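For reference, the structures are reproduced in the following blocks.
Each of the two complexes below includes subunit A, the first together with subunit B, the second together with subunit C.
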Partner chain A sequence: MPVGDLLPELILLVGAVIIVLFAAFSSHDRQAWAAGLALVALALATGFSVMQWSRAPMLSFSGVWALDGPAIAAKWLMLFSGAVTVSLSPQWMRSDRRHGEYYALILFALLGMIMMASANDSMQLVVGVLLSSTASYPLVAYHRGWAPALEAGMKYFLIGALTNALLVIGVVVLFGLVGDTDYARTAEALVDADPFALTIATACIVLGLSFKLAAFPAHAWMPDVAQGAPAPVVALLSVAPKIGAAVALARFVLLLPVDQAWPAIVALIAAVTMTLGNLAALRQSDVRRLLGWSSVSQSGYALMAVVVIGAHPQALRALLAFLAAYALANLAAFAVITHLRGRTALDDYRGLARAQPIVTAVLIVALLSLVGIPPLVGFFGKFLLFEVTIAAGYGWLAVVAAINTLVSLFYYLRVIAVTMFKAPEGEVHVLGIWSWLAMLASVVVLLVASLGVEWGLGLMASLRFAL
Partner chain B sequence: MNQNATALIAEYWAVGLFVAAVVTLCVFMIGAASLLGGRSRGRSKSLPFESGIIGAGSARQRFSVKFYLVAMLFVIFDIEAVFLFAWSVAVREVGWSGFWGAAIFIFILLAGLVYDSRVGALDWAPKRRVRVDDSI
Partner chain C sequence: MSGVPMEHGLVLAAILFALGLAGLMFRRNMIFVLMSLEVMLNAAGLAFIVGGTAWQQPEGQAMFLLVITLAAAEASVGLALLIQLNHRFKTLDLDAASRMRG
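So, the complex of A and B:
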């Protein structure tokens, strides 16, 4: 049994179990130490996954577990977003008597998301999606005495239960068609499969993954979660599940035979998702909700790369570059919100530039990167997306995305304008040194990624799925 | 195809006969009792049968949330047993790697059990008898 191929995941699992036991036996003022344990586990897991890079691409555990460039790069991104979330949390959660378990839940959720990105087997995919979902529901509703958090958790749970069930149905139908869950054999057997049943299976699996992506049919939880869940949790849930699900979806659609019209369907979902997210974000007067809707629209952009994943050799690189850019920018944005003690109404941000210049600068950099303004990494992500989409013949989709980017400029700039040009009102309370450091770390990584984008893209040039 | 069907019938006819016999016996017992037995009606006859005790109160009661908690815990450890049965049939074939896999699995669930007892999920006593402990 090649246990070494699973070391990062095993470390997350063991770390989570140790944290659960630690949290059960330690007093309230020591609960925050669990954050340190979680950071150690995340650092070890990152270290071991860096060591896996040289061995990629390969399949492990009889083809069930993929160790390839996309999976490992996605793993790094998810582990980094987990680390930012963990370091944002201790001061946010300080008054919670039992917040040690919270870090275990974060590690379990990350484990599920990593499984999604690495799954080369439909049952593995189901386990990953279910693990990340069940660990995320309690995270969203962690402020159990606060009604909006419970409401967000309930919405998240109900949509999740429905779409996860659909995903399982899709996988079962696929298994009935193929007689196997392994992706390699699925691809062979699907060539002469019944097209009607295959359509049902594909539709159910795409729906199930759209929940994790917060893409069109199952996007409704994202704004509520962004508003109601603890702000550090939103930093994780708006980023990491998307990365896992996007890689999983790209891996899955490549199995489908060419006569299946999946690119058209994914393109439609992408167009609807980005347009809907942007139109809904336009009128928001709540910054967290606005970022939630913007996260929906960003999923739409990410899906553009999935549309052309089989048609253009650089589509996978574009997908990961875009996801990395989005993840860094969104983490920085939510780190700012956490650092400002989760202030959420747009009016609370009046004149922030004068009261908290550095925090405002981080927020502005993050928002501009989300739009895709040239020197920042968000620009390169979007540029690559447009390049592959147009080259593969989906010009109309690129036009829709370009219009959407223009529209999105309005609401991102509106937040920036409020911080810059309005008179400050009242005192600005901030969280503390940890959230400050996490915020700086995320923005420094964002800037470094912007400067080192050539090197990063060179590293990702040879990305491909293990077959 | 026909050959197959014949072979299947030859193999499983006894099961079919058993099912048919069960259904026939049930139909006979219920049917004969309703044909041969006497009938009487009355107010107390139409009350729900509670083993001879007259029912009292509403059926809509509030149950303690503990029941749901115990049901969930039951499912978790029940599924643990399901996985262990699967391991036990293949214990020789999977060897030591399977043993360590199962051991880790059991220890993770054991950690869950320890956690449950620490947070009081297994305490059935009423509130006032629960140990007041600020350390958790």
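So, the complex of A and C:
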């Protein structure tokens, strides 16, 4: 058994178990030490997955576990977002005297998301999705004394439970058609499968993954979670599950026979998701909710690359480049919100530029990168997306996305205008040194990624799924 | 092979799933919603066993164990949420606890 192929995941698992034990037996004033343990686990896991990068793409554990470029790149992004979340958390959670288990839940959720990105077997896909969902519900409702957090947790749970059940049904139908859960054999057997049953299976699996992506029709939880959940948790849940689900979806749709209607369906979902997210974000007066809807629309853009994944050789690179750019920008934006103690009403951001110039600068950089303004990395991600979409013959989808980008400019700029041009009111309270450092780290990585974009894209050019 | 034909198992699974789905859609009481959820996941588990038997593959049984375990984890999280919900809102009605809009 090549246990070494699983080292990063094993470290996350062992780290989470150690944190649970530590939190159970340590006093209240030492609970925050669990954050240190979690950071050590994340750093070790990242180190071991860096060592996996130089190897050739391969399948491990008799074809169940994929160790290829997309899986490892997704792993780095998810581990980085986990590290930012963990560093943002100790001071945010100060009011909760027993919060050691919170970090264990973050590690379990990350483990599930990493399993999604690496799954080369529908059985493992189900386990990854369900593990990450089950660990995320309590994270959202962690402030159990606060009604909006509970409400967000409840909605997240209900939508998640329904879509996860549908995902399991989709996998059952697929298993019934094929008689195996392994992707390689599934692809072979699907060539002459019953098209009706295959359509049902595909629809259920796409629906199940659209929940993790926060894409239409299972997007409704995202704004509520963005508003009600602890701000560090939103930083994680608006980024990491999407990366895992997007890679998992790209891996899954490549198995389907070419004559299927799935590209049209995914294209439709992409168009509806981005339009819906942007239109809803336009009329928000609550910054966290606005960013929640914006993150829905960004999922729509990411799905554009999934549509053409089989039709264009560079689609996978475009997908990962866009996801990386989105992840860095969104993490920086939610780090700013956490650092400002989760202030949420747009009016509370008046004149922030004068009171907190650095924090405002980070927020502006993050929002401009989300729109895709040229020197920032968000531009390159979107540019590649448009390129592959048009080259593969989905011009209409690129036009919809371009119109949506213009619309999104309006609400991102509105937030920036409020911070710059309004008179400040009252004092601005900030969280502390850790959230400040995490915020700075995320924006520095964002800027470095913008400067080194050519090198990064060159590194990504050879990304392939191991098949 | 066993005496039960495959179609019977699949039809039973489909009926169970439809019942669970209907319960999840139309019930507003959180306890019944959780029960419907369990029924749905168990229907999927039953379908896995039937499929595994038909193909003579061990995956069906393995998947059933996984689904049951994950369903239990999900249900326990759901029950914890339910207790907090009842504590905070003094009701188990989902619509009464829903205030965020837009």
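Rule of thumb we're sticking to: the second predicted complex is superposed on the first by the 466 of 467 C-alpha atoms of A that agree within 3 Å, B and C clash if a C-alpha of one lies under 4 Å from a C-alpha of the other, contacts with A are read in each partner's own complex, and residues count from 1 in each chain.
Following the convention adopted for this analysis, contacts are C-beta pairs under 8 Å (C-beta built on N, C-alpha and C of every residue); 3 or more make two chains touch, one makes a residue touch a chain.
Everything numeric in this text was worked out from a predicted model, so none of it was measured.
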item: First, second, both or neither for A:Arg98, with subunit B first and subunit C second; value: first
item: Touching partner for A:Val17 - first (subunit B), second (subunit C), both, neither; value: first
item: Touching partner for A:Ala311 - first (subunit B), second (subunit C), both, neither; value: neither
item: Which of subunit B and subunit C A:Ala355 touches, first, second, both or neither; value: neither
item: First, second, both or neither for A:His28, with subunit B first and subunit C second; value: first
item: First (subunit B), second (subunit C), both or neither touched by A:Leu162; value: second
item: Per-residue contact with subunit A, leading partner among subunit C and subunit B; value: C
item: Contacts of A:Leu268 with subunit B and subunit C, given as first, second, both or neither; value: neither
item: Intersection of subunit A interface sets (partners subunit B, subunit C); value: none
item: Subunit C partner contacts - residues on subunit A that touch it in the complex; value: 123, 126-127, 130-131, 133-134, 137-138, 141, 144-145, 147-148, 150-155, 157-158, 161-162, 164-165, 168-169, 171-172, 175-176, 179-181, 223-224, 227-228, 280, 283-284, 289
item: Residues of subunit A defined as touching subunit B within the complex; value: 1, 13, 17, 20-21, 23-28, 97-98, 101
item: Residue numbers on subunit C that touch subunit A, as the complex places them; value: 17, 20-21, 24, 30, 33, 37, 40-41, 43-44, 47-48, 51-52, 54-55, 57, 59-60, 62-63, 66-67, 70, 73-74, 77-78, 80-81, 84-85, 88-89, 94, 97-100, 102
item: Subunit B to subunit A touching residues, read off their complex; value: 97, 101, 107-108, 111-112, 114-115, 118-119, 134-136
